[in-house]
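What follows is a group of structures, each given as structure tokens.
In the two complexes below, chain A is the common chain; its partner is chain B in one and chain C in the other.
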Partner chain A sequence: MSALKVTGLIKHFGDVKAVDGLDLDVEKGEFFALLGPSASGKTTSFRTICGIEAPDSGSIFLDGQDMTNSPMRDRGVAMVFQTFALYPHLSIRENLEFPLLQMKLGKAEISKRVGETAELLKLSHTLDRKPGTASGGEQQRIAIGRALIRHPELLLLDEPLTNLDAKLRHDTRAEFKRIHRERGITIIYATPDELEALTLGDRIGVLKDGKMVQVGTPDELYEAPDNTYVAGMVGSPRINLIDATRKGTDANPEIAAPFGDYSGGSWMQALKDFPIGEQLIFGIRPHEIVPVENRADFQGPTFDAEVHMTEPLGDVVILDLIANQSRLKMVLPEEQATAYQVGMKMTCGFDVGSTQLFAKETGTVIR
Partner chain B sequence: MSIFGKGRKKHALREAGWGYSAICGAIGLVYFSPVLWIILTSFKTRQDALATPPAFFFTPTFDNFVRVFYRLTSEGEQMATGMGLFFFNSIFIAGAGVLLAVIIGTSAAYGFSRFPLKGNDTYLFVILTTRMLPPIVVIVPIFLMFRITGLSGSYIGIILLYAMFNLAFSVWMMKSFFDELSTDVEDAARLEGANEWKVFFKICLPQLKAGIAATSVFALILTWNEFLFALLLTGNDTRTVPVAMARSMGGQLGVDWGLLAAIITLFLIPVFIVTYLLQNHLLRGVTFGTVKK
Partner chain C sequence: MRGFLDWIMDPKRRGAMLIAPAIILLFVMNIFPLMWSFGLSFFHYKASSMKPPSFAGLYYYEKVLSDPVVWERFQTTALIVSLSVLVQMIFGFALALLFSKKFPLRREIMMLVLTPMMLSFVAVGVFFKLFYEPTFGLVGQAFKYITGETLILLSTKWGAIAGIVIADAWMWTPFVMLLVLAGLVSVPDYLYEAAEVDRATKWERFKTVTFPYVKGLLLLALLFRTIETFKLFDVVYIITAGGPGTSTETIAVYVYRMAFQFFKTSQSSALSYILLFVVIVLTNLYLYFVNQREQET
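For the complex of A and B:
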């Protein structure tokens, strides 16, 4: 059963379409990541789902019940704001108590829940301080605590790690996973960071201009993106997207990329429907490109390239290549990469079977 | 070595050296000197007050302070001057006027900030125009309005006038404070089940204590010293101290400087106390929003 089902959600602000026909279906107990750059409609979707904003059209079902026009407090939805939205004039304890006081719970129950939540989030020692004196990580945990303490059915996290430094981000990410596992609640997590989405989400929904572009497991999005936008969002370093054209005959299609002509990918059958000369985009993941010592031994296609730049990242190195004037990236383990210096010529190879092909005009996948 | 303190390090934020402190002290003294002059005069006899060159060393007397409240009649009897009532009037009228202005101003500012009307800025501008004219220009129609409605000489009349007089300022100042607050915090409270009353009273207002204090003090100082409206619109029983002060300046013997200085010295005390008590809030209120939180 779905914890949240959103259909055709539209929300304008003046002339700006913040959410443009959003469809979303999140299962009970799922950790769903909503991935999109800033201004793609993540925050507005959240604000509409929890009732802060009223949608222009569309419906919102929570636990199968139509809640499109219900007041916020009846929805059982908790949200952690990107800005944390702590009450600066109240102590951390009072911050945690506030939602419970609104629920008119008894004193014993309130202090029990505050104790539990503080324990869970390691806030017990700070309860009597004001949020302003807490560190960034503590403020983050207070915000999460204030959401969890209500025992919500659905928790919305709006870019919760954006305001934290790199180390804290890593730790807190693990914390989210733990909380999700221990509490078993449904979480929707909005983020512009693909790494967060890939590591946390059971499924990921990719947003663009207020529309859902593709929904799938991290593997599905990585292996089989529906379009160049998703292909570009998921995977680091970014997929190599190279201009190509349809070539060959009707029965035996080929594509012409700047550094060679290829055929035999999973896109072969579908490519037959495209006319010769059609503009295409050829996608190769940087991880799929390997250095080739001896062309005769290598099974797939190869091409010559020059090392333009190297970006060492510790255990791996990203090599920036130029192959017949088109630039692409490949990733090598550090010990293997030391053999390649800037300016060196090298031979690279890849497996056509792992490549993607997109129509240039629409950006949609050909498969 | 500079005069600005021993071993002062570059870029180090620390206590000011003796040099800076002395300069600040000197400037402070220049600003404070008129007040000091008045306070000293209030302890002088008539001869000392009029002495040329001015006497800086003299035997202090409390006679002036006694004469603020009691004067001798021609028969040599002591008689109350009514100044006690005028002090009460000043405190009561200014307090009530400011309270009213701040309450209405804060509510209006919340509305303007959070629930903007169509043409919000126009309304705000219109409110501000009430303060663009000097009081002397509007005094005649106001005087006539007060005469016709019978508000002239009553407490309620002058309190309403002062509330109106301070309203524009309160609305503008409080609106800028509300604009500084994060609306996410209010949305979070609504989401957690708080109704609009709670959002306003439990979430917004407590965050603006400093702003309310600053607005109140500024309004209070303006109202406390107001003379023109008080002169024309208060009666014998509702007269405020500035008006009474002006009246005490007459007499056959010229201005009684000692008496006047004593009234002023007493008149300073209430504002001084209020400002002193609120000074921490006042500083925060004035600098609110200038530093990123």
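For the complex of A and C:
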């Protein structure tokens, strides 16, 4: 059963199409990541789902019930705001108690839940202070606590880590996973950061211009993106997208990339439908490119390249290559990368089976 | 002559020279009379007689403080202050809530609402005196039109007090409104949204989100208006001149009459300083709260 089902949701602000026909189906107990750059409609979707904004059209079902026009009070949705939105004049304890007081719970239950939540989020020592005196990480946890304490059926997290520093972001990410596992609630998590989406989401929905572009598990999105947008969004460093052309014969298609002609990928069959000369985009993940010592020993296709730049990232190094005027990235473990210096010539190889092919005009995948 | 100009325009004393006229004016018009009247409050002296002043010590302070009339005037003042400030606070708050919303012609209407505050006391006094005029005044005519009877508002104690309170509150409600409005617009929208997601009712949202932002400013408005209304003179003097009888004679009007009708110069000086003392206490209270507020934010 789906905890949240959104169909054809539209919300425009004047000429701005913030949400433009969004479909979304989130299973009960799922950790769903909503991935999209800023202004792709994440926040507006959330605001419409929890009822702050009324949609222009479309419907919202919570637990199978049509809640499109229901007041916020009836929705059972909790949301953590990007700004945290803590009540500055209430103590941290009162901030946590606030939603419970609105639910008219008894004193004993309230203090029990505050204790539990404070424990869970390591806030017990700060309860009597004002949120203004708390650190960024603490404020963030208070905001989460205030949402969790209601035991909501659905929790919306709107870019909750953007205001934190890198280390805290890492720790809190782990915290989210733990809370989700322990509480078993449904979480929808909006983020512009693919790493957050990939590590947290059971499934990821990729948003573009207020529309859902693709929904899938992290593996599905990584290995079989539906279009160049998703391919570029998921995976770091970014996938190499290289202009190519359809060639070969009708029965035996090939593609011509700047550094070689290839055939044999999972796209072979579908490529037959495209005319010769069609503009394509050839996608190779940086991780799939390997250095080749001896061409004769390597199974797949190879190409020659020159090292243009190196970006050491600690345990791995990103090599920027130029192969026949086309730029590509590859990733090597640090100890292997030391052999390659800027300006050096090298031979690279990859497995055609792991490559992606897209139509240039529409950006959609060919497979 | 050349030497004198050079001397006076020397950078060392140029600054002092340039502000000297203002300082001299301030001293002659403000500081000197203040100190002079303070001195006079310790002497037997009548501005209307030629007799030279003779030392009286604290005689006039004793006299003023033990004078039952002074206490009556204080009570009258307190009554008018509390009524007027109460009305200002209530209407000021209500108007601020109204103007914190967006509606057509909001700016223009707000300008109109703010106008009374910018008028002179005398003008406001004259306006209302004419409004209350039984035969041709606006209020008198309206009353006659509706009830068929003639309303002589200022002929009774409570009517006169109401008349003064309405005039003063009309003039100063916008001031309270401005202060409260400043608080209201400083409340971030996301707090209201968060409270709504937390399922708070309208009243709860007001109590938890809105009010704390306005509380400090409301207190400031209260003190500010109390201090100002305490010194209320012009409006009272013009509308009722303290009447009927002495039922609306505020302490400020009393000081004026004592000084310029009965020429009890020393006694009125003493009373003025007692009044000043009260205002200083209130002002310090005000400053204390301003500091508190600064520490909070």
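Keep in mind that, in the parts below, the second predicted complex is superposed on the first by the 367 of 367 C-alpha atoms of A that agree within 3 Å, B and C clash if a C-alpha of one lies under 4 Å from a C-alpha of the other, contacts with A are read in each partner's own complex, and residues count from 1 in each chain.
Going forward, a contact is a pair of C-beta atoms (placed from the backbone, for glycine too) under 8 Å apart; a residue touches a chain by one contact, two chains touch by 3 or more.
Every value quoted in this text rests on a predicted model; they were computed, and no experiment measured them.
Visitor: Looking at the superposed three-chain arrangement on chain A, would you call chain B and chain C a clash or a fit?
Guide: Partners clash after overlay.
Visitor: First (chain B), second (chain C), both or neither: which does A:A85 touch?
Guide: Both partners, chain B and chain C.
Visitor: Report for A:C50: first if it touches chain B alone, second if chain C alone, otherwise both or neither.
Guide: In the superposition, A:C50 contacts both chain B and chain C.
Visitor: Take the contacts of chain A with chain B and those with chain C, and give the residues found in both.
Guide: 47, 50-52, 72-73, 77-79, 81, 83, 85-90, 98-99, 102-103, 146, 150
Visitor: Quick check on the complex: what are the chain B residues that touch chain A?
Guide: 182, 184-185, 187-194, 198, 203, 206-207, 209, 293
Visitor: Looking at the complex, which residues from chain C come into contact with chain A?
Guide: Going by the criterion above, the answer is residues 188, 190-191, 193-201, 204, 208-209, 212-213.
Visitor: Over in the complex, which chain A residues touch chain C? Could you list them?
Guide: Chain A reaches chain C through residues 47, 50-52, 72-73, 77-79, 81, 83, 85-90, 98-99, 101-103, 146, 150.
Visitor: Please output the residues of chain A touching chain B within their complex, sorted ascending.
Guide: Against chain B, the touching part of chain A is residues 47, 50-52, 72-73, 77-79, 81-83, 85-90, 98-99, 102-103, 132, 146, 150.
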